[in-house]
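Should a chain be cited, it is by its letter among A, B, C, D, E and F, assigned in written order, with residues numbered from 1 in that chain.
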Amino acid sequence: MTTIFDPEDEVLSGDTADIYLVRAQAILRHEDLNPIVTMEVFSNGEGLLCGMREVLALLRQVLPLEAELSALDEGQTMGAKEVVLRITAPYGSFGLYETAYLGMLAHQSGWATAARRCVEATQGIPIISFGARHVHPRVAARLEYATMVGGFVGCATPAGARLSNVSPTGTIPHAVILIFGDTVEATKAFDRHIAPEVNRIALVDTFKDEAEESLRVAEALGDKLWGVRLDTPGERGRVTPDLVKEVRARLDQAGHEQVKIVVSGGIDADRIGLFVGKGAPVDAFGVGSAVSSAPPIDFTADIKSIEGTPVAKRGRIPGITPNPRLQRIDLAETSPD
Amino acid sequence: MTTIFDPEDEVLSGDTADIYLVRAQAILRHEDLNPIVTMEVFSNGEGLLCGMREVLALLRQVLPLEAELSALDEGQTMGAKEVVLRITAPYGSFGLYETAYLGMLAHQSGWATAARRCVEATQGIPIISFGARHVHPRVAARLEYATMVGGFVGCATPAGARLSNVSPTGTIPHAVILIFGDTVEATKAFDRHIAPEVNRIALVDTFKDEAEESLRVAEALGDKLWGVRLDTPGERGRVTPDLVKEVRARLDQAGHEQVKIVVSGGIDADRIGLFVGKGAPVDAFGVGSAVSSAPPIDFTADIKSIEGTPVAKRGRIPGITPNPRLQRIDLAETSPD
Amino acid sequence: MTTIFDPEDEVLSGDTADIYLVRAQAILRHEDLNPIVTMEVFSNGEGLLCGMREVLALLRQVLPLEAELSALDEGQTMGAKEVVLRITAPYGSFGLYETAYLGMLAHQSGWATAARRCVEATQGIPIISFGARHVHPRVAARLEYATMVGGFVGCATPAGARLSNVSPTGTIPHAVILIFGDTVEATKAFDRHIAPEVNRIALVDTFKDEAEESLRVAEALGDKLWGVRLDTPGERGRVTPDLVKEVRARLDQAGHEQVKIVVSGGIDADRIGLFVGKGAPVDAFGVGSAVSSAPPIDFTADIKSIEGTPVAKRGRIPGITPNPRLQRIDLAETSPD
Amino acid sequence: MTTIFDPEDEVLSGDTADIYLVRAQAILRHEDLNPIVTMEVFSNGEGLLCGMREVLALLRQVLPLEAELSALDEGQTMGAKEVVLRITAPYGSFGLYETAYLGMLAHQSGWATAARRCVEATQGIPIISFGARHVHPRVAARLEYATMVGGFVGCATPAGARLSNVSPTGTIPHAVILIFGDTVEATKAFDRHIAPEVNRIALVDTFKDEAEESLRVAEALGDKLWGVRLDTPGERGRVTPDLVKEVRARLDQAGHEQVKIVVSGGIDADRIGLFVGKGAPVDAFGVGSAVSSAPPIDFTADIKSIEGTPVAKRGRIPGITPNPRLQRIDLAETSPD
Amino acid sequence: MTTIFDPEDEVLSGDTADIYLVRAQAILRHEDLNPIVTMEVFSNGEGLLCGMREVLALLRQVLPLEAELSALDEGQTMGAKEVVLRITAPYGSFGLYETAYLGMLAHQSGWATAARRCVEATQGIPIISFGARHVHPRVAARLEYATMVGGFVGCATPAGARLSNVSPTGTIPHAVILIFGDTVEATKAFDRHIAPEVNRIALVDTFKDEAEESLRVAEALGDKLWGVRLDTPGERGRVTPDLVKEVRARLDQAGHEQVKIVVSGGIDADRIGLFVGKGAPVDAFGVGSAVSSAPPIDFTADIKSIEGTPVAKRGRIPGITPNPRLQRIDLAETSPD
Amino acid sequence: MTTIFDPEDEVLSGDTADIYLVRAQAILRHEDLNPIVTMEVFSNGEGLLCGMREVLALLRQVLPLEAELSALDEGQTMGAKEVVLRITAPYGSFGLYETAYLGMLAHQSGWATAARRCVEATQGIPIISFGARHVHPRVAARLEYATMVGGFVGCATPAGARLSNVSPTGTIPHAVILIFGDTVEATKAFDRHIAPEVNRIALVDTFKDEAEESLRVAEALGDKLWGVRLDTPGERGRVTPDLVKEVRARLDQAGHEQVKIVVSGGIDADRIGLFVGKGAPVDAFGVGSAVSSAPPIDFTADIKSIEGTPVAKRGRIPGITPNPRLQRIDLAETSPD
C-alpha cells in the first residue's frame, strides 16, 4: 500500500494537531513566508525506536519530492538526545504534522522499549502481547505492533497482528468456561469448532486447583492439547515459580510431557526474572500491563537551519547535529510498506 | 449524535478485539449457547473515572433494549476494586467488546486521574493541556478530553476541544519565531492575522533573555498582549519560580501589570507544588508529559451470574457486588451525547 | 505441687551452669566466705515478663527461709533496664543458679513478648500456638506456656497445655489426609474416632482448591463441622485475605454460615495486621515461627550490696535500685504453683 | 551410649508432640492403616545442619530395622529447601515424633549457623560460647553443643562441654570479685584453690580502669596469669578495639607479653569484624547473645510416597526429591554416639 | 572604642579583598563614576545573624555621614534570602569592602547558628566553648564571640572572652596532669597557685577510672572542688549518659553532692539530646567541633538601585526589597561598641 | 623572612590560647616544673596537610635550639590518626601554643583537602579560588593559600596570592556592569584602564542572555577578549553543561574560537564531575563555598613521653608512635620561608 491516510483523515486535516501549528500555517501563508527549513527530531530518552514506519508514510504523503529526509530505522536502539529524523523541506509542507509525528514516535517507542525489557529478561522464552485491553481501541493495534518490534512473538488482536504480518494468538476466556460450567467441556468445545491449525491452550484456573485441572484437560484432550495457561489471580497469590514447577512435574508424572505451560497475570520484567532465576519451566509468557503502563518516550522537533543558515532557539546548538546512523530516505521510491 | 461507531468500524467488527473473544463468540454460536449473564467491570486502582461516556455509546449500539445497564458517571472518583459498570444481557450481544470497553476506560481514566492530581496541586491556577504530541494522534483527542474531565480548563487540539465543547487554546510555536527571526515581529504578525477573540500570548524564550523579551513584546503590543509564555528548556534550567517572580516584577515596574504569565516545560504536580509553595505569580500552566506519561488504570470484567445463578472464577466472589453508587442507564432513551 | 526440680536435676546440680559459677562456689567455700548479698536482676529490653513462676519455684527450693525475695509477677510488662527480681540471701545459697534463672526469664520472656505483639495485632481474633516444632522438644512446653502468658488462647502440645491448665488444640495433619487419599474421608475418620468434645476442623488445602474442598467437607459433615483450616503453602502464594473472603462467601452461599475459618502458615503480626486491615473474616489464627523466631530478651544479674554495704561493678550504680512495682515473696508460704 | 531417651521420656510419650499427631496415630490405628511412607525433611533456609545426631538417636529407638533412613551429616552446610533427612518406614512407627525431630533440627541448626557466622568473621581467633544464660537451662547444653558444631573452641557449661567431649571454659564472675573487694585478691584466691590445669584469666573491669587493673594482676600473678578478660559494660562504651590495643601495649611495655586478652560483652559477627579490621590484638572472644538470639531455621516434613506411589500435598512435587548428598544410615549398626 | 581598624589594616587597604573589587575601584575612578547606589545584603540560609557589630564598625569608618545604613541586630534570627543589611552611599566609598563584610557575616553567623542549635538541645544546661583549637588563631576570638551570641555561657580564650565582656573559662589540661603524674597532685597544685575566684574543676580521665578518680579528688579537695570534667576519649567509648549517672551516684553516696559534672569530648546537638533524653545529670557541656565544623552561611550583596533607579542583575528583582525588621543606623552617633 | 609573629602578637602573647594552657604555664612555673616532653600531634581524619609551614615558623620562634622537631611537609596527604608533628622540648617553651598550632593545621588542612577534592574532579581543568567572601577577612588569605596547596591555580585576594607567590586573579563584578548599564561598555572600560597583562574576562550574565552577551563582547573586544565568565544565578537555574556547550558553539560559529569559558556559581566537586562527565568545554572553574564550607580537620596533641619515660593519658598508647614519613627539622637553619 502506498498511502495510509485518507484525504479527509483527522491527521491530515490538522484536526488532531496543536492549534498553534494550525495558526502558524495561516500566519506564514498570509505573510508569504515558506522557507526551506531543516527540522531535527530527537528522543528525550534512550530506548527502542518505533513508529518511524508510520511517520515516514505520513511524510511521503505530504512532502514534495525534492525534500530531503533521513531517519533511523524502525526497531533500532536510540540514545538519549539522539536525532532520529531530519527533514529539509519548505516549512509549509509539513509544519502542521509535528503533533502527529511526535506522538506516533512517542507512544510506540515507549511501548516497544518496555517490550524489549521484558524480552531481555526472558532469556529466550517467547512472549505474547496481552495488553490490548489496557489501551484505547484506537491504538490497540499500534501497541500490539510495538510489542512485536520489541521482540514479542505474538499478539492478540487481528488488527495488531496484521500490522506485523502474523496471525493473532489466543486461548479461551474465563467467560466461556464459566458458561460451559466446566473447563474440560469448554476446552473440548473449542477443539470441536476452531480451525485445527490454532493451538489448543486450556485455561486451568477457573474452577479447580490448577494442577488438578491441568491433569483433567490433558487426560481429556490427549495429544491435541498444545498447552495450559496459568493465570491465577492476585487474590490467590498469582502464578508462582513453584506452581509452574509443580504443574510441570504432575503433568510429566502422568505422561503429558508434551503439554506446554503459558503463564500470565501481572507479568513484568521483574517477575519474568524471578521465574527464570528460579528455573520455572515456563514455555511462554503473556504480558499486558507491563507494556501498556510504560510512559511514552517524548520526542522534540527543532528547526536547526532556515534557508541554509544555522539557527536554533536558546538552549539548542544552531545547525545540523551530525548523526552518521541516519539513513537517507528516497522519496521517489515507493514505500516498502 | 446518537451513534459514534460506523457499522464497519474496527471496534464494532472485532478487529481490535482479543482473538479469543472472537473465537469465544464462534464457539458459543456453534453450541447454541447465549445465556443472559451479568458482567461486572471494576477498576484495579483508585482514581477518576473517564471513558464511560464513550463506553455507554458503544453498548447502546450493541445491547438489546431489554438489557440492564448501570454505571458510575463520567468524572466520578472511584475506589480500588470498585464496580463501575454492570451489564446484564445475552453474552453474545456484547462479549466481543470486552477489549474495547476496558481499553476505553483504562487509558482515559489514567489520563484523567493524572490531570486531577495536577489540578489539585495548583490551588486554583488554571491548566491547559499541551500533551497531544506525546501520544499517538489516534488518541490525542481522547487525552485532551480526559484532561478536561480531570479539571483542566483548555486543550490544544481542535478534535480534543470539540469533545469538550470548548475552543482550542494555543500560543505561537518556536518555529514561527525562528522563521521571523525576532519574537516581536512574529508576535505582531500573529496579531495581524489571527482572529481578535484569540488571546495574544507571546513565547519569550526563543532568542533573548525571558525578562528582556517580555518587556520588548509588552512595549510593542501594549494592551493587546494578553500574556507571555515562559518555556525555558532544560538545557537552561527550565522555568524556575524565581524567574516568574522576576518577570512579573519587571513587567509591573514597566507598567504592564495586565500581562499574564503562562508557564510550561516539564511541569508536573510536584513542580506545580513548588511554584505554588514559593508564591510564584503564575497565571496558567501548560502541562503535557505529566498526563501523557500516566499509566492506564487497568479494569477487569468478570461474569458474576449466569441465567440468574451466582458464579465466579476462582479468586472472585460469586454473584452481584452491591454498589449503591451505580446508576441505572435507560437504554430506550437517546444518549445525552 | 511444691517442688519442680528433682534433687539430681541437672539444674540443681549445676551441670547446666556456667563453670565459673561452679568454681566461684568452690573458691568462696575454701575461703569461708558466704556474705549476705543483694542481687538484682534487670531486663535489657522492654517486653512481657515470663518465666518468673519457674524461677521462683527454683529459688524456693534453694534459698533459706530468712532470705528476702521480691519480684514482678508473671505476665507483667517490664521496661528496659527495669529490675524484675531482687534476692537478698547468702551468696552461697543461690549464686550457682544465675545461669539457670537468667535463661528461664530470657527465653520465655522473648517468646511471651512476641506472642503479645501478635495478640495486639489481631484486635480480638483468638490465636493458637503452632510453634512447638520450631524449638527443641525440651523447651516446647515452655514456648507453649509463654504464648499463653502472652495472650494466646490455645496451644498444641499436651505438656504445654498442662502448664497453662488448658486442653491442647489441634486439627488434622496433611500426612493423615494423604494416607486416606481424600480430605473428606480423612475428616470423616477423625469424626468417627475422636472424642466428641474435640472440635472437628478440616484441613482443606491438601488435594483440591481450598474453596472447593471447604464446600465438600461442609456438605459431608454438616453441622458437625466446627471449621476449616486454610494453610496454603508459600509455593501457592500462602493464605491471602481475599482467599478467606472468597471461602467465607462460598460457604455462606451454600448455607454453611456456622463453619469457622482458621488461618495458618507464616502468620506474624504484620500479616495479621493485613488480614485485619482488609476485613478478612478470620475466626482464629495459628501462629508458629513468629513466636519461635523471637530472640530471647537478655537479663543481667548484679550484686548491689554486700552485708548491707552498697557496691557495684564499674558501669552500675551501687546499692538497691528502687522499684515500687516489685512484690515481696513470702518464702514460708507454699508456692501457689 | 546406644539410647538417649528413657522409656518414659516426654518426647517418646508424645507429651511434647503436637496433639494432632497424637490423634492421627489413634485414627489410623482404629482404621487399621499403617502404610509404609517416605517422609522427607527439608530446611527452609540455608545454614549449618545441627541436631541430626540427636534426631538419628531418636529414630534408631523407634524405627523397625527394615526401615530405610538417609541423612546429611551433623555440621554440613545445607541449602534452602534441601532435603536433609529421608525416612521410609511404616507411618505408625515414627509419625508421632515429627514435632520433636523438626524442633531438634530447627533450634540447633539456628544456633550452629549463627556460631559459624561469628567464626567466619574472626579469621582464626578462637571463640568461646558464653550464651547459656540467654536460653532456658533445659536447652543450655544443646546451645553449647551447637556452637561447637559451628566452630567455637570452647563452651561454658559442664553439660554442654560433655556433649562435645571437651572441658568447660570459664574465668571469674564479677560477683566473686565484688565479694573479695579487689580484683587481685580474687584472682589470687582463684589461683590458690582451682586445679592448676585451669587457665588463670583475670576479669579486669570490675573496680578500676581496665589497663590499670591488667597491670596489677599481671604484677601479682606473674607467669601464672594466662590472660585477662575485658568485659566493659555498655554503660562504659563496651570494649573497643583501641582499648585492646592500649592494654596490649601497656602489658607489653611492662614485660607481660605472655598475658593474653579475652574480649566479651555484646560481641557479634559485626563487632568481631570491627576488631579484626582494626587489627586489635584479641586472643579470644566470648560470644553469647549473637548465637542465642539467632532464630531457629524452620524445617518441614512432607510425605512424598505411600506404599511406593508418589504423592504430595498441593504445592509440593510428588515423589522422592533426589539428593546425592544424603548418606544411608545402617539401622542395624550401633550408633556411633 | 570607636574604631577597630588601623589605617594600615589589611582589610581597609583592600589586601584581603577580591582583586576584581580593587580593579573596579580603579576603573570607576578613571571614568569618574561614583554613583550613589543601594546595596542589599541577604543571607542564603536561615540562621542566627552574627558579625553585624563588626561590619557596622567597619562601615562607620568608611561611609560618609550622609550615607543611609540599616541592618538587623546582632543575634537576631534571619530567614533564607532575608535582607539583613542595606547601604545607600556612593559606591566608591564602600565597594571595596564587599569581600570583608560578607566574610565577617558568613563565618560568624555559621558559628553562631551552630551554637544556637546546641543551646536549644540542652534545655537549659549551660555550654562553654572549647572550639578555639579547631580554627585558625586569627579567628579564634571571633568563633568564641559567635558562640556567646549563640547562647553559650562561657568561652576559653582571653581574646574571645573580652569580645563578650566575660572572663575566660577553663579546667586543667591533660598535659599538666601527666607532668604531675597524678590527678590529685595536679589539682592540688592548681588550687595552690590559681586565683581563688577561678572554679576548681578536676579533669578525671587521665590515669584512672573516671569514677574512682572523681572520688579521689573530691576527698582531697573537699568543698574547694567546684566540679569534675569527664572527657573520656573515643578510644574508650567517650562519655556516656550512664557514666555521668554513675559518677553522680558515687559522688553523692560519698557525700560530695556539691561537686558538679562537666562533660566534653565530641559533644554536638545530637549527643546533647541523648544526655538530656536519658536524664544524665550534666551540669555543663564543653562544645568544640560541633561549632567549628559548621559551614559559613553565605551572604550575597546586590546593587538594587543606582541614583534612585531600581536595577538588578538577571535573576534578582530590581529595586529595594522591603524588610520592616531592618533598623536604621545613625552614622552620626558613636558606635555603642 | 625569618619571623612572622610580632613580639606583641596575640598568638605569641597567649591571648588567643585556651585559658587553661595559660594557667598551666603559671602552675608549672610556680612549681618549678619544666620537664622535657615529647608532644605528638595527629590528625583525626585523612586529608591534605596544610598549615605546617606556618606552624613551623611559630615553633622556630619559641623553641630552644636544642629542641627536636620533626614533621610532615606542607601539602602531603595524611592518614587518619597519623602523627604529623613531633616536638621534644621543655614543655614550658611551647605548651602555651597548642591552641594556635592545632588551629592553624585544622582550618587550613580542612580547606586544602576540600580544594584537592575539586581538583581531582576536574581531570585537568584549572580552578581559581573565589571563596574569600565566605570566611572572615582575617583568614581569607589563609583560605586562598590552602586552595593553592590543594592544587588550585589561582586565587582572588592580593594577600592570599602573595602567600603563594602568584598574582591575584579576577574578572569584573556585577556591580560595575550595573553602574555602566551595559556589559560591553563595562568590559571596554576595563580594557582601557587595567594593565594589559591582566586577562580580559567578561562577565556575561548581568543583563542579557549569556549566549547573546558573549557574542556581543566578543564582537566588541575582538582578540583582546581572553574569555567570558558564566555565573548564572540559582534563580535562573545556574550554569548548566548544556549552556556551556551552546555558548561554545555560538562563539565558534561566529569565529571566536579563542574566547575561553570560565564557569562559577555554586560549583563543587559533584557539579564539576557533572560538567566533565557531560563533556562541557569549560576552560576554568571558579570555586568558593565548596572549599569555604569544608569543616576543619581536627588535630590532637598528646604528651607521649616525659624526660624520656613513655607516658600517655588513658586511651592512648604511651611512648613515641613511629612514623618514618616524618622529617627532621633543623632548628639552626634559617626557615626556607
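The rule we apply is simple: a residue touches a chain if its C-beta (ideal position, glycine included) is under 8 Å from a C-beta of that chain, and two chains touch if they have at least 3 such contacts.
Because the structure is predicted, anything quoted here is derived from the model rather than measured.
Student: Counting one step for each move to a touching chain, how far apart are subunit B and subunit E?
Tutor: 1
Student: Measuring centre to centre with C-alpha atoms, which chain is farthest from subunit A?
Tutor: Of all chains, E has its centre farthest from that of subunit A.
Student: Measuring centre to centre with C-alpha atoms, which chain is farthest from subunit B?
Tutor: Farthest from subunit B by mean C-alpha position: D.
Student: Just how far, in Å, is the C-alpha centre of subunit F from the one of subunit D?
Tutor: The answer is 58 Å.
Student: If you average the CA atoms of subunit D and of subunit E, how many Å lie between those two points?
Tutor: Going by mean C-alpha positions, subunit D sits 57 Å from subunit E.
Student: Among all residues of subunit A, which ones touch two or more of the remaining chains?
Tutor: 207-209, 232, 234-236, 242-243, 246, 314-316
Student: Tell me the shape of the graph of touching chains, choosing from line, ring, star, complete and other.
Tutor: other
Student: Spell out all pairs of chains that touch, sorted by label.
Tutor: Here the touching chain pairs work out to A-B, A-C, A-D, A-F, B-C, B-E, B-F, C-D, C-E, D-E, D-F, E-F.
Student: Given the complex with subunit F, which residues does subunit B contribute to the contact?
Tutor: 207-209, 212, 232, 234-238, 240, 242-243, 246
Student: Mind pulling up the subunit B residues that touch subunit E in the complex?
Tutor: Result: residues 209, 211, 242-243, 245-246, 249-250, 253 of subunit B touch subunit E.
Student: Subunit B touches which residues of subunit A in the complex?
Tutor: Residues in contact with subunit B: 10-11, 14-24, 26-28, 30-31, 33, 35, 37, 39, 51, 91, 95, 98-100, 102-104, 106-108, 130, 132-142, 156-161, 168-180, 189-190, 192-194, 198, 205-208, 232-236, 288-289, 292-296, 298-299, 302-303, 306, 311-316.
Student: Touching subunit F in the complex: which residues of subunit A?
Tutor: 310, 314-319
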